[in-house]
Structures are given as structure tokens and as C-alpha cells.
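Right, one structure below, let's go through it.
Letters are used for the chains, namely A, B, C and D, taken in the order the chains are written, and counting of residues starts over at 1 for each.
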Amino acid sequence: MDKRLPDLASAVAPITDGSVIMIGGFGSSGIPFGLIDALLEQGARGLTVISNNAGAQETGIAKLLKEGRLAKVVCSYPRSPGSIWFERRYEAGEIELEVVPQGTLAERIRAAGAGIGGFLTPTGYGTLLAEGKETRVIDGRGYVMESPLHADFALLRAENGDKWGNLNYHATARNFNPVMACAARHSIAEVRHLSDEPIDPERVVTPGIFVHSVVEYGVRP
Amino acid sequence: MDKRLPDLASAVAPITDGSVIMIGGFGSSGIPFGLIDALLEQGARGLTVISNNAGAQETGIAKLLKEGRLAKVVCSYPRSPGSIWFERRYEAGEIELEVVPQGTLAERIRAAGAGIGGFLTPTGYGTLLAEGKETRVIDGRGYVMESPLHADFALLRAENGDKWGNLNYHATARNFNPVMACAARHSIAEVRHLSDEPIDPERVVTPGIFVHSVVEYGVRP
Amino acid sequence: MRNLTDTELAARVAQDIPDGSYVNLGIGKPTHVSGYVPEGREVIYHAENGIIGVGPTPAEGEEDLELIDASKRYVTPAPGAAYFEHADSFAMMRGGHIDIAVLGAYQVAQNGDIANWATLDNTFPPAVGGAMDLVVGVPTILVMMRHINRDGSPKLLRECTYPLTGLGVVSRVYTDLAVLDITPAGFKLVELTAGNTLDEVQALTEAKIHT
Amino acid sequence: MRNLTDTELAARVAQDIPDGSYVNLGIGKPTHVSGYVPEGREVIYHAENGIIGVGPTPAEGEEDLELIDASKRYVTPAPGAAYFEHADSFAMMRGGHIDIAVLGAYQVAQNGDIANWATLDNTFPPAVGGAMDLVVGVPTILVMMRHINRDGSPKLLRECTYPLTGLGVVSRVYTDLAVLDITPAGFKLVELTAGNTLDEVQALTEAKIHT
């Protein structure tokens, strides 16, 4: 078993027009910048991106927005300082936006990876973001029923990877990467160090069973 | 902040009659034998124990059963080779038993720790263990609604601990310990090594926020 | 009228953070509270992006570009820190493990409702982040904000007019003019910024202030 | 009648485990399958108690008492192994990430129903373990068992009479007498143990065997 690929282009080659793609990262930390650039080069369009943010300035997801590759974004915080391309596409009505509270976003992604068909969360109960959703009150506390969020692909950023696809992360670059790895049909990781030796089993954060290909990309932003 | 306690007896002192107690472990691995012995000594009775197994021979939970301290067990696999004290109490009608599929047990415990009010799992749909439970069919797949499982106390076994209550584990002794740590009002860990130095933040498995006291118990079974 | 500066307000909130507590500081002004917690108290700060035990800002040139807090500021790990992923981070928040959250707000109502994520301006794309998870999960929600808007309109209301973040969740509000608890009866005065009178503050508050 | 021994049966199942697959072996006889997978195939074994990449049994005296599989046997980590906790382990199972599970069974019905956790004997305390999670989560469920009970009664049935573990989940059944697929039409013969005839095997099978 060897999940290593020689370059970013091979890693993103399976992505097709209209794919649903999870992209790890929070702020500028843990974003797979190399894979996003390769995806831009690859040319797929009409994509749905599930990610915490929608990019800033001309980096990461902002590039995909600038080039008009996205049909929809599912985010908790699309509007950040410098998220000019998101704002431009949104104001022009060129992209669909689904805003999800951050914890619900993480939990919906986890549910997809864990085979859970739905869950009751207190988050958002009684607010605009629960409108049209099933709710119930248990022991005096209100809950909203939320559904799993699946994806065709996940683009991940990790610190170390091995040929079995095992991954671990650096500091707060972990964020959404592990949970997204489990929720996509095909998960692709760019890693800072790709080793011939296996990662110590105690230090694996994302077991290789969740990862379909690994490619080395040494740059740390 | 210093969550270290000098001995097992101090650690289990807050447990009262009728408490609901989660106990980590699977088979003979990751069981907090020291804390269980201390609990036996401490004398609390009428306890509900939530654990994967119900003890074997004269060790661990089997001792609590032998001494008549338990009113109820919630387990996925109470009957193991040598689970004589469980079988004896069960046959005599002296304890209540709730059998939960193992993954549902882990997920119900996780839900309690994560503030989730309930979840839909395909596990057990159409079987005896779903009788009387709410079910629904989504995209042709059947699901059972399961509720969170809370506890007053959790007794945990870890490899390393520090004064902030951070923990990590050894090999398959991890099992139910991390998820139980999050679901109890008061979690108590016995650790093989208790250090003055903090555990490397990358190697923490259970952050100290989930752990209320830590006590050194050097024996590895 | 005497208005606390942002720095004075952060210092005032910091007085109420007890030793040994686990605290989440919202983005923006609340992040400054940690700088003013009195000496001798050990407070452990959680950032939603996967660290508990947020330490001081690194020295210039020593920043780790992949070690940030929820405001995207560079941070360091404090002793006893831990890293974890997002689903676990929000389990920590929603599951009631964090003791206190300090948040900014557009509006707070006398029943403890809070609005801090969206206005009525529909041309502005919405962004909610982690605020809705914090307010349902953390037992003590402290709000720090200006008492009134720039245009003079009140932010302490009988009912919020902006979309809600959470219902009946706020414990206490710290403004430049006063500190107020949320009680079953509504806003209750804890203290006035020295030099202000209740009448002056009431005049800038839509809801009734009880004493 | 020619009956495969337990060893021969494990070896037969092992032939059908492809290179590169992630496999969970149920407790009891299925655990022996890993010893017979043909040379040159890398198969990664998952144990529900928190390890993926289960390696061989350790040499005597080198056992790690806290490194066991779901059958509570001492194991070693294979290269590329990882440890994790129980909620994650069952996410792996229930979430469809494992390719194949090999399970024992009391009964299998022609529609793929399986009963392997409880009998009709109510004096015997029930114990379900992880079987219900495996059968709903793993896309390919292989059952290995004796074709008939010790008393001669059939285990391959029109309908299960024992409490079910899962509904319509079994892909293929390997017995000492034959290998049978579950198809929309019911049991379909894949092969007979050399020396047996279809008539002989059908006579020991309650449900119809299609060819």
C-alpha cells in the first residue's frame, strides 16, 4: 500500500466539474494552498466548497472565487478582512451561500464521516439559521435537527504523512483537517514532510484509512 | 492550577451512593484498576456503572459486583469468559442491565460530552435493541434515535498525566477513556506517570479541561 | 458622562475572571481582557480554532504562522496547553466545559437575548462563526460593548431588533457607562462608571434598569 | 459429506480478501483468517478497541498487556498502524470506511439478515458488542460458520428465528460445506466443498439454494 503521489497535479486530477469539495483551514492556518493552486490550474468549475472561511485577498479559496470556479460556498465565516472576492461574487449574485454556525459545520462534517444520519444541537435554536428546520425541546432546552454534510473530495494540509496515508498536524493548523478527512469520498493531503517510515502509531491524528492520496508540499505559509 | 492528588482514596472520596459512574477499559486494557479498588474500599453503593464490559473473574468491575455495590450496569458486552459475578447477580435478578451496541454506547457518551441532544444511528435498526425507540428512514436507510448518556463520575486509566490534567494513553488502553472523560461531571484519572512538566501540546489526547483530578498509580496490569 | 476607554473596560471585565477558570474570549475587543487579569490568577484560555492554553503574543520574528487564535492573531502556547481539531473544540464549547465566554454584541435585551452576528443590512453577506455555539454551551456569558451606538441609539433594549445569536443566555453586560446583570426582572445595576448617575445611564438605555 | 476444517475454512475466506483492503475480523474463528491471506497482499486489519494495522501475535514474553485486539488476544502493531479512541473507532466502522468484515453467525437468512448476538434462551444474559455497528457500516459482510448446528438443525434459513443483528446486510456465507452469495433471489451457489453434491448440501439447508 503506497498512497504517495509525485505531484499536486496528480493529486487533484480526479476532481470533476460540479464536485463538492471540503477544504481544511481556519484563517491562514492549515489551508492546503498547494492543492488549491493545483485545482485552479486543473480547471474544474461549478464547484461547491465547504470551508470555514471563503479566502482573503488573492490567496486560497479567494483565487477560486476570483476565477469564477465556485457555484456555492458553505461556510461559517465567509466575510473576513480582505475577503474581497467573496464579497464581489456574493453581491453580484454569482454564488450561492450557505452560512452554518461553526460548531454545527464541524459536527455536520463529523456526522457524515461517522455514519450518523442527523443530530440535535442547541446551537442556533430560535435564530434565523434554524428557520425551516425541525426542532424539539428536551428537558426545557431547545434543539435543532441538523443533517450530515458529505463531500466528494477533501483537500487537507498536514505536517507529516507516510505512505499508508497516516497524518498529523502542526499546532492550530489541525483545525478542520481531521474531521474533513473522514467525510469525503476521496481525501487528498498535502504534507510538509512525507516519510518512508511510518508515523509512530501513538502520534497519528488522522489514520490512513481516511486518506486516499498524499503529496509532499514543503512550503509552510 | 494543580489537579494532582496524593492518593487514590482522595480521588474517589467525592463519589456518593447512587452515583452514575463511567469506567474506562476494554477487556483487560485501559481499566482503572487502582481507582476501582479505592472505590470498593470507599464503600459507595447503589451505583450505576457504564462500561464496555462487566468485569471478569475477581478483577475490576467484577469486584464491585461481588460486593453488591452495583444497582445497574450499562454495557455492550457484559458477558465475557469468566464474568461469573456479573452472571450470578444477573441471574439472581439483583442488578438491572441495559445492553447497548458498542458503537452506540461510545456515541451516546460522546453526545453527552459534546452537548448533542440526540442522534440518528443506523445501528440496531429493526432489531430488538431498537424496540420502543423513535426511528426514521432517510434516503431508504433506517435510523434509530439515541440519547446522550451522562455520568456523575468517570474513572479513567491513562499513561501520562500532568498537573493541568492533560492525559495521553498507551496503545489500546486508550479505548473508552477519552470519550468518557468528556461526559462526566467529575472525571478522575489514574496515570502511570504523573509529571511536573506539561505534556507536549501535540501529544495531549485528553485536554485537562475534561479532567478534575489526577493521581499516580504506577502499576501496569 | 464618564466613559471607560476600551482598555479600562477590558481591565474591568478582567477583575471578574476567577482563578482557575477556563475562558473563551471572542474576537475583537474581548481578546484584550487576558492582558488585565490580576497577577496570581491562572486562567486558561480556549480558542475555537483548536488550542486550549493560549499564551502571550510571540516576540516579533518568532511568530509561528500556523499557531493563531480565533482572531487570527499569532499566539504562543501557555504551559499545560493542548491542540485539538474543530469537532473536539466545539464539543468543548457546546458541551458546557468552558466556564466563561466574553463576547462583543450589537444588542442585548433585558431577557438576556443577544444579537452579535448580523444586522438588518441585507447587502452585507452574513457571517456567524462560533458565537452561536458559545452562547448555548458556556454557562456564563459576559458581554462587553459600548453602551450606545455611534448614532446615539441604544444597544441595551427591551427586545433585540437584529437577528438573534442566542436566547436568554447573557449573564452580565459591561459597557463604558455601567455594569448590569441580567436577572429574571431584567437589567439590574451592578455599578456605574465613577462619575455617572443612574438617571444619565437610564436615559441612554431603552430597557428599564432595576436597582 | 466433506467438511472443511476450521483452518481450511479460514484459508478459503482469506482467498477473497483483496490486496489493499481494510478488514475487520470478528471475534472467534474469523480472527484466524489473517494467517492465510496469500503472500504479496497487504491487508490492514482494524480492531474495534482502537487499532488499525493489527500485526502478528507477539513472541512469548514480549506481550504488551495493554495492546490487544477485540478478541482480547495480545497483538503487535503492523507498519503504518494507528491507535485511536472508541468513538473514532466506531465512526470508522459505521461511517463506511472499512471495506470488509468477517463475522461468525448463529443464523443467516436468504435475504441477508444475520443473527449472531442472542439466542432464544432468556436465562442467558445478552451481550451485543460491536456486531450491530459492523453490519450496518461495512459494505461487504462475509459470514463464516458451520453449515448446520450440532443437533443437525439448519443455520441457513428462509427467515432467522433468533433476534437479528442486522437486516439484509450479508454479502456471502462460507461454511464447511459450501460458499453461497446472497442475491435478490436468495442464496446462490458459488462453490461446493470438493466432494459434496448440491443435493446433499440443499438437504442441510432450509432455504432454497439457487444455481
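Everything that follows uses one rule, which is that contacts are C-beta pairs under 8 Å (C-beta built on N, C-alpha and C of every residue); 3 or more make two chains touch, one makes a residue touch a chain.
Per UniProt, the chains are A, B = 3-oxoadipate CoA-transferase, alpha subunit; C, D = 3-oxoadipate CoA-transferase, beta subunit.
Since the structure is predicted, the reported quantities are computational estimates derived from the model, not experimental observations.
K.L.:
Going by the stated contact rule, which chains contact chain A and chain C alike?
P.N.:
Touching chain A and chain C alike, sorted by label: B.
K.L.:
If I rank B-C and B-D by number of C-beta contact pairs, which comes first?
P.N.:
Spelling it out, more C-beta pairs touch across B-D than across the other pair.
K.L.:
For chain C versus chain D, what separation do you get between their C-alpha means, in angstrom?
P.N.:
A distance of 54 Å separates the two centres.
K.L.:
Using Cα averages as centroids, what's the distance between chain B and chain C in whole Å?
P.N.:
35
K.L.:
When the centre of a chain is set as the mean of its C-alpha atoms, what distance in Å lies between chain B and chain D?
P.N.:
Centres of chain B and chain D (C-alpha means) sit 28 Å apart.
K.L.:
If you average the CA atoms of chain A and of chain B, how many Å lie between those two points?
P.N.:
Centre-to-centre distance between chain A and chain B: 33 Å.
K.L.:
Can you tell me which residues of chain A touch two or more of the remaining chains?
P.N.:
Counting only residues that touch two or more other chains, chain A contributes 107, 110, 114-116, 121-122, 170-171, 201-202.
K.L.:
Can you tell me which residues of chain D touch two or more of the remaining chains?
P.N.:
Only 51, 77, 83-84, 87, 90, 93-94, 136-137 qualify.
K.L.:
Determine which chains touch and list them pairwise.
P.N.:
So the chains that touch one another pair up as A-B, A-C, A-D, B-C, B-D.
K.L.:
What part of chain A is in contact with chain D in the complex they form?
P.N.:
Residues 1, 110, 112-116, 162-164, 166, 182, 198-199, 201-202, 204, 207-210.
K.L.:
Spell out the part of chain B that touches chain D in their complex, as residue ranges.
P.N.:
Within the complex, chain B touches chain D at residues 26-30, 52, 75-80, 86-87, 90-91, 97, 99-104, 106-107, 109-110, 121-129, 142, 169-179, 205, 220-221.
K.L.:
Within the complex, which stretch of chain C touches chain B?
P.N.:
Residues 20, 22, 42, 44, 46, 51-53, 77, 79-84, 87, 90-98, 136-137 of chain C touch chain B in their complex.
K.L.:
With touch defined as at the start, can you tell me which chain C residues reach chain A in the complex?
P.N.:
Result: residues 47-51, 64-69, 72, 77, 83-87, 89-90, 93-94, 118, 123-133, 136-137, 163-167 of chain C touch chain A.
K.L.:
Can you name the residues of chain B that touch chain A in the complex?
P.N.:
These residues of chain B touch chain A: 107, 111, 114-122, 136, 138, 141, 143, 168, 170-171, 201-203.
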